[in-house]
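The letters A, B, C, D and E name the chains in turn, as written, and every chain counts its residues from 1.
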Amino acid sequence: MFLGNLASLRYFLPEFAVTATILLLVVLHVVTKSPKSTASGLLSLLGVGAAIFLAGVAPAGAGRSIFEGMAAHDGFAVFFKVLTALATLVVIFMSMDSKDLGGRSQAEYYIFLLSTLLGMFLLSSATDIVMLYLSLELVSIPSYLLAGYLKGQEHSTEAAMKYVVFGATASGVMIYGFSILFGLTGSTQIAEIGRSLAAGKATLPMLLAAVMVAVGFGYKIAAVPFHMWSPDVYEGAPTPATAFFSIGPKAAGFAVLVRFYYTVFAAADPGTGLWRLTSSVDWPFLFAALSALTMTVGNLVAIKQDNVKRLLAYSSIAHAGYMLMGFVLLSSAGIEAILFYLVVYLFMNLGAFYVVVVVSNATRGEDISDFTGLGSRAPFAAVALAIFLFALTGIPPFSGFIGKVYLFAEVIHRGVYWLAVVAALNSVVSLYYYARIVRAMFLQEPTDASTIPVPAVSGAMLVLLAAPTLILGVYWEPVARIAADSVRMLAF
Amino acid sequence: MSGPAEYIFYAAAAMTVGAAILVAILPNILYAAVALLFSFAGVAGLYILLSADFLAATQILIYVGGIIVLLMFAVFLSNRISDAKITNPTHFRLPAAAICLVLFGVLSYAAVSTPYAVKKGVYLPTTADIGELLMTRYLLPFEVASVLLLAALIGAALLSRPDRAAPDAGEMEEGKR
Amino acid sequence: MTLDKLLVIAAALFCCGLYTVMTRRNAVAVLMGVELILNATNINFVAYSFFLNRMMGGQIFAVFVIVLAAAEAAVALAIFLRMFSTTGTVEVDAADQLKG
Amino acid sequence: MGFIDSHILSFMTFLPLLGAGVILCVPKGKNETIKWIAALASFLPLLLAVRLWFTYDRTVAGVNVASQFQFVEHYSWIPSINVEYFVGADGISMPMLLLTALLSFLAVIGSWGIDKKIRGYMALFLLLETGMMGTFIALDFFLFYVFWEVMLLPMYFIIGVWGGPRKEYAAIKFFLYTLAGSILMLIVLLALYFNTTNPETGAHTFNLLHYMSQTTHNAWLKGFDVRILLFLGLFIGFAIKVPLFPFHTWLPDAHVEAPTAISVILAGVLLKMGTYGLMRISFPIFPDVTVYFALPMAILGVINIIYGALCAMAQSDLKKLVAYSSVSHMGFCLLGMAALTPLGMVGASMQMFSHGLITAMLFFLVGVVYDRAHHRQIDGFGGLGAVVPVYTAFIGFAFFASLGLPGLSGFIAEQLVFLGSFPVFRTLVVVGAVGIIFVAAFHLWALQRVFLGPLNPKYATLEEINAREIFCLTPLAVLVMIVGVWPMPILNLLNASAVRLVDLVKAVI
Amino acid sequence: MIRYAYIIPFLPLLSFFINIAVGKRLPRKGDWLCLGTIAIGLAMSIGIFYEVFQAYDPNFRYHVVFPWITVGDRALFNAGILIDNVTAVMLLVVTIVSTLVHLFSIGYMHGDPRYSRYFAYLSIFSFSMLGLVLAESFLFIYIFWELVGLSSYLLIGFWFEKKSASDAGKKAFIVNRVGDFGFLIGILIIYATCGVLGYDQVFLAIGEGKLSGTLLTLAGIGVFCGAIGKSAQFPLHVWLPDAMEGPTPVSALIHAATMVAAGVYLVGRVYPMFTPDVFLFIACFGLITLFITATIALAQNDIKKVLAYSTCSQLGYMIMGLGVGGYTAGLAHLSTHAAFKACLFLGSGSVIHAVHSQDIQEMGGLRKKMPITFVTFLIATLAISGVPGFSGFYSKDMILGAALEFGMKSANPLHMIFFIGALFTAGLTAFYMFRLVILTFFGAPKDHHKFDHAHESPPSMWIPLVILAGLSFSFWYSGWFGTLIRKPMSVANLAGISASAKVVPMEHAAVMTSDASHGSSPAGAKQEQASSHGTSASGETSHAVAPAAHGESHEEASHIAHTAHAYAMYSSVAVGTLGIFLAFVVYSFGWINPDRVANAVKPLHTFLKNKWYFDELYEATVINGSKAFSRGLAWFDMHVVDGLVNLTAQLGVFVSFLVGKFDDYVVDGAVNGVASATTGSGSVLRRLQTGKLYHYVFVLAGGALIIFLIKAF
């Protein structure tokens, strides 16, 4: 049933593309002297582009377990690979625009970026706790370095320091949970673990494991109360990296969360598109509570923020909360909703960050006050940002609304009304702080009227990000189908 | 098993845990590092008792030989010799302690209360098996680890390199304030 | 020497590690705590693989944990030193500019 | 023409959007061009509306019978969750469509004086018009909701950017209030979706007309307490828009801060969305709950009438006074609807229509004086009647129309409501009828303080109302008069549908 | 001609629109247009009246309807016109007075800046009034009811620069609204029960018993409230005196002759639906009004105010007359009063025009200066004082007779009060009217400066005076009036009894004959046959009905009636002459010094001078009350309502977090409340984000532990 190592290689092309790019970057870094050269950026663009292409064309088929059961190659994995790669692609553009990174040697930066991407690839397809742990670390460690990339800056270093300690602790707790699972089942295959857990009766250690693993994953998706690192890291890290953290690792985190819990602690009811708990450990309720907590805390705290990056950090916490709603429902429709939401979230969130980059390039700051009068200083960027923010709020006709609808719909379908109501109130609250930025941009007069230049590339990227945000709000059938397909193959 | 091995086990266990506790509470950071060393050594001893010869060796090499040294260096580099105070008073003890105690209770209760399908442990060298597994079944993780190490290496190098971007970074700081 | 004894030892180690992480001011010391946690995990894995009829997976996992611990330590210490060179200290509670 | 006829509603809805797009492409500095494009883009729907007026078949009812809707367009939109582009018009939506088309056009003309960021203003305004039209034509709940929400953004921006001194506060207050309401609606919408099935396909459906036949509801949805909750969810959503008594506090702020043309739209069209939603969605889908809540709704209506009138009397700001008078007048709508008699229902729709015309006039007129005097303090004026007789004549006309003078549309609506609801709620209506005294009182009081009495020398040289403003006001005035004297044309539009609606609701008891 | 009756109202409407639109540019500012249209109206009314008179049939009716509002599939409300004898007479009255006032105004308003606007307003009034007269359903009379209110508002406030004027207009409209409120309720009750609003349909329905008992009484009272407002009956009479702020011709037309009489007309119109209780109610209000206002009139010095109060008083007579069953009497007084009161007002107008003052203290001796005015004014005064031979005598006398008859017939002796009060007031009327005449025209001029300027008015002003004075003689009315205007049978009493009875003109030859039977008029003979005709017409059936009405036989009834009217006649003549005599004694011969009298009864005098303090009373109670109330509500709106939503928000926060911190935010608005609450919680939450790493780890570990413990236990 497991493909051997050699036979698996042909399902591994995207990873190869990324790895090759990393190596090339190393070489490039050695040969080229000027730090300002954009060569490395272009190279990594190429590599990621290739990865997307390869991932896209690779036939997922019914899904198969590759590398002796270390990883899975199925629609679910492919979906996340494409998604994360897309995010990386945009982030690379962003990084090439950002002045934060200017004057530093670029190559390492892209190496870290791509290794993170590789980690996310593996994370979204890992089916063995060893593999899982490794890829999680492969996502984390370069992330620490990305966060601390602005060496001269206290904020950046502080962020990195907090990130590394917090991340190390979290993953430590997580693998402690792994060890318990291993002890209970004697296997490192999650499918295997799931099967033998279903047989066994040991509730307490199972719960313990569930919680401890939740710590690790929760830290990745920044779910309350494991979120504390994210605002600081998001604020301190260079903006493109922040943008990257807010979507890439989060998405991968959701991938592994879903795959792990739905395989280990639940079993699919064939045909119904539903899962059932294999043990008395009622983790869905647990995560439902986390979800409500996460979105509420995220939104409430975001209201008080003045730094846009930090505000977006909290908003991304809140959005993680929304997506968790889909996770607790044990239904393929719920997962479908998550996937759909991730797609729209990718565009609107990256778009928002992109504008932040453009603005902070000019104003050297990321406070809301720096956005005052943007509507007249850089109308185009301002309008784009407004679109993204309202999409994040979830107002028609923007894609964010559709994403929310799918989540709400499934929650209501499963009859978890309290959660739906909490989420509804939250999205009203969220309007308040998103609107604060919009207000600063349009309703208030600029302090200095100098126009902010929007480079052609940035402009193009903004259009490319805004277009889906609008279109998916009006016609989203294809994406919905893709999401549905990607879910259908998950259970293998 | 019984007899001397039993005593060795208790000794190792005592060393491990005792040293760990010292790490947690010793005010002087250097002493803490030394205590950590002993704790690791104790762990290695446990590995041997558990017939994990390869692991014991790795433990000694990497931890004792590598990480501890790293830590020492870090301690020295990160404390100016000028100010002699290397002592590191801790804080925020009680809540932390409370949590840890409860946690300990929970974990150990879970450990003892759970009926594991315990078999008689047999003593055989594991190195060969490990190597074989790493080349076959766990090949992918093995390779991934290499990439990871590469990234870590570059990262460490980058960070510890005196940065060319310091001036403009400083100016950037100015711009921020 | 029985499995549960070992598990309790691991638990103790884990808690010491956690306590260290939470109480230490010096970042390096905090890192020590993390190492303790990882070791606790390793003891678990090894003990299981010994008592549950030589499941090698546990030991493999332990190997990787050690490797990653090394890598993580390297990166972390590099970051600490960088922090020291920019702020002149490695006290974790000195680094609280980012908050709220 | 054939093509246009077959898609006439879509054209009415999306032509403004197209216009907005074009406006965004106009090169800088061509403000006149922009204005003219906007005028055109809002005038074409008006033409189409006129065509609707002549081609609409007044004999069929619509309401819950798909085959009786007219100008229907029905396409699948998102097959995977059965969202459809399903639009059509019946007697409930027709008057609203006409009103929207007319007021939008006049509002564009009325905004001619705006110079600040005219491009954005006109674009947003046209977007707003699209939202309004769409809301009135949508027969698919999802579609309805989307259009409903689409209106929020332009409203927020227009109030926030082009509004008065406290614009930011007013804008966000309006936004939050309405969003809170509509989110509730969203939950109800989804709950309905998952608990109803399309009789043909057996799949879940967003089709409003399917919801209206109880057979499509599943057991859960048949439970009465559930229905009550869902009804309340919808009701709050709509009540905030109407706005009904406890939820009305956004209205005065929004009105006072909004630019004139937007106040016109806000009071003329947006407020009607609430009552329209009740007629189109709440009542037919939950007839049993409607009957159950008839009395409370009537009470709310009466409270609105009295409360609004008294608040209006206490205002010192002319615009706020008009705003509160809207609160009072919308109370009549609710009272009439709650009575669940054909007369009351017709009266309610009639009130929606005529209040749209009258309040539009009022806000235009307040805007006129504000443009000249730059304040709206009632006591700050005095004796203007001698200086600006024409203007005074207009505002007098509007005021008397608003206080329900016979021969003008307001009277017809109010009387129909009274006559229709008195047999059902006697005491309530008597209480409500006290309203006509207060209404008269505050109107005349304001009229006197501003226009009569000795002239305030400060305004001895006040500029008389100009041709453009007269152009905006005249059609409204004429309509108000025509409808007041010979209401049958409008009533014929409503009749069939209103009666059907009442029968539909009454059928459950 | 009668087929074109519907044209009559629309002619003035037309001229209204034209004048409003282009009046200023027309030659002579378009007054000829308005005058012309109303004159045509007059001609047509005369034609109609002629036709009606030809028919000479008490039950004459001309009734056309067409559906106006259709809801569902059935026509609900009809528009149309109903012309019977009463309508015909009213048409005539309205058009005559209106035409004359138009004519008068041409001179009076000459040179006013808003000349054309004024005539436009007159036209809209004529339109509304004629519509009101022709209306055939409650709905339409209500509509025109409001419209006359509007035109009265416009005309009273015509000189709106005068604050007092605009105030008066506002007051008039709002006070009328209060009455209309009752009217509306009445209509609603009728519609709710009968489902129709046409007069005939409603009476039919009541006859079938659809509406009866208390509800019917309530409906009746409701409708009568409308009359109270419009006809300035106590307690809503306060607006009429202020209404004198309007131009004098307007006062003559609207506030003396026609509009204020609309209330009386309404009561006459819907007479059949009133129950005995309602009649009593009406009679009481009439009595109170006529007495109070007459007393007030005693102490006024403003010529127009005096006339205004006398108008109230006379209206009180009419209302009371109708109330006590003198249907013919009331309507007759309406017609006669229209003529002589209009004459009085126009006369006062010409005096004011000449003297530029309204204070009778400053006049005197004007009879030499303006003879025509004097003579006409005197004739009208004689009429109102009820001197035999003048119209006032004829009608007022019928009222007194009816009152006395009512008192004698009713078991309750208290009911005699109607007669006594009315009689006494008749004396008062004569007194204060002659006081007015004497102070104005007789004696020596008090203010020579004004006196010298005084001059006779131009023909356009005195011609109407002459005509109206001519109409103040009784022979115009006596005879046919009593025959054609007959009390309709009260379906209210029959409600429940077989509907067949209602064709019968009720009761009654009794009142019929009595109306006519005092032979004080030249056409006495005609009445005799008229009465016998009436009797024979209803003789036998009246027997059948009489018990239903009140339990006594026809002969007895007619006998009582006869005696009653005889007494009434003598006493009224006596009281009238006494009043006139007193007036001369006091003001002309000066045997008694009025000031001393006034001082003697100072409190009473001031009390009267201040009009019984009604305005002050209302000012203190109703107006301030409602203003304060509304202010209170506004406050309530701002603080409490928002506060409630706010409170819920508070609760939401309470369960989520540390509510104590947010009490500061409780006060202001809902959204602000929610917002501040949420943001507040946000700021509390963000304090958890200390920036200290070990806190983060602590939260992590603690969080995990708590989660575990929750699930574990």
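To be clear about the criterion, a residue touches a chain if its C-beta (ideal position, glycine included) is under 8 Å from a C-beta of that chain, and two chains touch if they have at least 3 such contacts.
These numbers were taken from a predicted model, which means no experiment stands behind them.
Counting only chains that touch, the fewest steps needed to get from chain C to chain D is 2. Counted as hops between touching chains, the shortest connection from chain B to chain D is 2. Listing every chain that touches chain A and chain B alike gives C, E.
Farthest from chain C in terms of Cα centroid separation is E. Taking each chain's centre as the mean of its CA atoms, B is the chain most distant from chain D. More C-beta pairs touch across the B-C interface than across any other pair of chains. Chain centres defined as mean CA positions place D nearest to the mean of all protein CA atoms. In terms of their C-alpha centroids, the spacing between chain B and chain C amounts to 5 Å. Rounded to a whole number, the gap between the C-alpha centres of chain B and chain E is 102 angstrom. With centres taken as mean Cα positions, chain C sits 26 Å from chain A. Our note on geometry: chain A versus chain D, Cα centroid distance of 43 Å, whole angstroms.
Contacts with at least two other chains are made by residues 675, 686, 689, 691, 693-695, 697-698, 701-702, 708, 712 of chain E.
Multi-chain contact residues of chain D, defined as those touching 2 or more other chains: 172, 176.
Counting only residues that touch two or more partner chains, chain B has 92, 96, 99-100, 103, 106-107, 111, 116, 138, 141, 145, 148, 152, 155, 159.
Across the whole structure, chains are in contact as follows: A-B, A-C, A-D, A-E, B-C, B-E, C-E, D-E.
Put simply, chain C touches chain E in their complex at residues 18, 21-24, 30, 92-93, 95-100. Considering their complex, residues 77-81, 145-146, 149-150, 152-153, 156-157, 160-161, 167-168, 171-172, 175-176, 179-180, 183-184, 186-187, 190-191, 193-194 of chain D touch chain A.
Listing the residues of chain B that touch chain E in their complex gives 92, 95-96, 99-100, 102-103, 106. For chain E in complex with chain B, the residues that touch the partner chain are 694-695, 698, 701-702, 705, 708-709, 712. For chain B in complex with chain A, the residues that touch the partner chain are 106-107, 109-111, 113-116, 136-141, 144-145, 147-148, 150-152, 154-155, 158-159, 163-166, 168-170, 172-173, 175-176.
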